[in-house]
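Structures are listed in the sections that come next.
You will see two complexes here that share chain A, one where it goes with chain B and one where it goes with chain C.
What follows is the complex of A and B.
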């Protein structure tokens, strides 16, 4: 269970590489036992943020606190943090056992809670074995790293980090190289391990589905700024701006005008909605998920259009419906043939209204009350 | 045309200038000047004055290899580092001496180290007095290291350059301080390059010739010089036979040392030639 203690806190962290600003004024805290995902497109700064937490990069300004103590400038080997690297970074000159035992071998017997070297050796063997069991790789002790598949190397990389019993585990797109089926399996296993061990996981990915599946909290990052921090459900249902809406799941984003509270006009039609507090006639972004548009008879639809294309996606059909000057993406389990004239309706609470054009400047405040976790 | 045909020129070349001569060497080594089979040529080898030369060759070659490793490894490590981005130009600088003929380089060294050379002139100017370098084993080792150092740096540099930097970060992450990163990960993972470097320095060093004679005023003879000397002894009727047997012995010694090294790097990952 996620606890309320703040384990790691980032305050006003900026990072520049030469003239490029990679992170801008990032404020973020991570609680004990939390599974937090840093989600964003490539080049958004999420890996840099992870590397700053791991100690591999120093922030250009701002500070990183660990249990309230500043740890800026403390090298990685002195942090109670371990990392699962993107390309695993296993030691090719060691076998599976010695790879996992690597971190423990560096410790003194006292640090391992035993007295003699012999006891340390036994303790290491015991812990390595327990890890191999956890990652379902028993019996692979003597194998060479080169003889393992990508998925197996991944498991060894996780075991090698977890065996040190870190307070925090950093994972840098660890499943990126695996095929879809294996990736889904590992997602569930990672989540189960995290809950079983009670360790804080900080996970970096560009895969929104992965983030939604595993996380207690998601921080959506773009252009070096945190766009939104929230639990997965709220990130999906209540995106704070058009970027988040577009990045998480699929969406139709259209220009609209807020006529009054709970009434928005777009595509020349007035719609009831559930958003308040906008100025009269304020231009807004309207976000509508493809699955929230219902296909109805042409005569009863709020919008009407013609089906331009149909793609079968497995669970649903994806249809592009041309209406006036724009094309709507619609997901439906029933198929309408190309060329059919259809009506579309949207219920008020599925219309998401967002303020315009503040995407790059928005620095959201992490609001604890938002989190269910 | 089958692909293997493309190697024909090389195969012919090797046949004519390596295999056939080697067969001649074998023939001479196991026969008397009259052409009868004998092993007596090899008995010459155990005579102290010859055995001493072989032992000295091996000893100086080992010194040279160790020195090359001690100087070459840190150099290669520095060149392969990711925050050093002039690597190409420095690699060229290291290779630069190799563009010059070995003998020319050694003659230059003679001038530098000579009793009345640049080194002693500098020492005298500083009021430190002269030292004799030429003629000592140290001078020979210096000459060997000078000539063979690039062969140590390059294979190690290649292996280190290929090494994934995240492996070093992983070691830090798992608790290695900067020294342990080097002893526990960098060096073990560069063993193939080290093996390659050792082979490429030790082999030419042990059979080197001319360098030792030049830098010792003919006082120190190594195996290569000895073989040269035997072949050019005009008075001895068995000179070709004894010379050939010595060449074979050197060949076997080198094969044995390569065999040892291959045990350390069984997969031959160093990209080495052996």
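What follows is the complex of A and C.
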């Protein structure tokens, strides 16, 4: 379970490559045994952030603390952190066993808790075998790396990192190259491994579904800034701005005006909501998930419109409903034929109000209450 | 496209034959003459291996063979080390700098041998270094390095860029990572480069001629000086053996490069 101890802390981390600012003033802490995902579109800076934690990049300014001690200048080989790289980066000239044993071979017998070289060799064999069992690759010791499939190479890369018993495992889009079914399997396995081993995982992905499935905490990143740090449920239900709402899941985002506390007007209609603390007549972004719009009879709907298109998505139908100036995306398990006039209602707590803000201005504050799972 | 008529087919075959004849006729004649019992170039008096036997009993030629191999081996080893480390260094620099360095390193490969040879000789004379075996070896190292460089660079470019970082991540210090991961990963390229450097060393005449002296003749120098006194058939035999050795080495290099690019 996630503990309260802060294992890694980033304070005001900035990173520039030439004139490009890749990370702007990132504050983040990572707790012991936490599964935290850095989520964002490509080029948002999430991989750079991971590489700074791993020691492969130096921040241009700011601090990286490990258990309260500054580790900004410490090289990767002195950090108790291991990494699973995007394209696995296995050593082609070594077989499976020697790839996994690579890190252990560099240690002295004393560091392995044994006395002689012979005992060290036996200990290495034991640990490698245990890892192969963990990643379900027993019996592959003597195979060459080239003879493995992508999914198998992925498992070896994970074993090679975990065998060193790191305090933190960094994973850089590790499942990106696998097919959908394999990816889903590996997501569950990785989560199970993390819980079994009780170590911290820092996971980078652009796949929001992956992030929601696996994480204790998600940090949504865009334009080099952290947009929101929260548990998956709150990220999904309470996105802090239009970017997060749009990036996580599907959303209808419309312009609205906050008339008073708990009352918002959009599409020419006043709606009850549960948001307070806005200025009178403050323009806001209103975010509504497609599954939160209920199709009702035309006469009882808060909004009325005409069904423009219907797509069957497996579990639900996705309908585009035109109402006045705009088109709403609606998910429903019952289908309405194209051309039908329908009514739509939205319950107050499904209307999410967000302050109008350019994404770059949003600097979230990570507080503990936000992170309760 | 030319149509596949009979005439076109015949034309293509003949054209190919003429081409091959141009390329290989001189060498074929030389090889044939090396087996000719007669000393005369215009008469075939029967097959013999005498010239080859004589060749291996001639102390001057054996001495030159020893020099040639010694020079090639030493130059290959040193240029492979320098070239490999140079390639790794160039690869890790920013791409702008790498491109400049690559172009600078190409230059010696395209410079005519005679220019390289004369300029090296001038440098040695300017620095008052007496010409001999070691001046020749250093000249060979100089022209071998680009071949190693350009065999190793593609291997580095193909390499997963995270491999070095993975080694550091698992506890290697930078030099350990180089030795335990990078070098093994590019070994095929290093080996090809060494083979190419060795071939170029064996093959060279012009640069060796200007950077060495008659005191330390290599094989090509022996062949060249013997032509002044009228060529003996032993020289045909020697040249044949050199030709075949180089041919085998080049075939090896080609097969390696093909295999690596699969």
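Everything below uses one rule, namely that the second predicted complex is superposed on the first by the 371 of 373 C-alpha atoms of A that agree within 3 Å, B and C clash if a C-alpha of one lies under 4 Å from a C-alpha of the other, contacts with A are read in each partner's own complex, and residues count from 1 in each chain.
We take it that contacts are C-beta pairs under 8 Å (C-beta built on N, C-alpha and C of every residue); 3 or more make two chains touch, one makes a residue touch a chain.
Bear in mind that the values here come from a model prediction, so they are computed numbers and not experimental data.
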item: Superposed partners chain B and chain C on chain A - clash or fit; value: clash
item: First, second, both or neither for A:129, with chain B first and chain C second; value: neither
item: Touching partner for A:54 - first (chain B), second (chain C), both, neither; value: both
item: Chain B/chain C common contact set on chain A; value: 54-56, 75-77, 81-83, 85-87, 89-93, 102-103, 106-107, 160-161, 164
item: Residue ranges of chain B in contact with chain A within the complex; value: 164, 166-167, 169-177, 180, 184-185, 188-189, 191
item: Parts of chain A lying in touch with chain C, wherever the complex brings them together; value: 54-56, 75-77, 81-83, 85-93, 102-103, 106-107, 160-161, 164
item: In the complex, chain C residues that touch chain A; value: 160, 162-163, 165-173, 176, 180-181, 184-185, 187
item: Chain B contact footprint on chain A (complex, rising order); value: 54-56, 75-77, 81-83, 85-87, 89-94, 102-103, 106-107, 160-161, 164
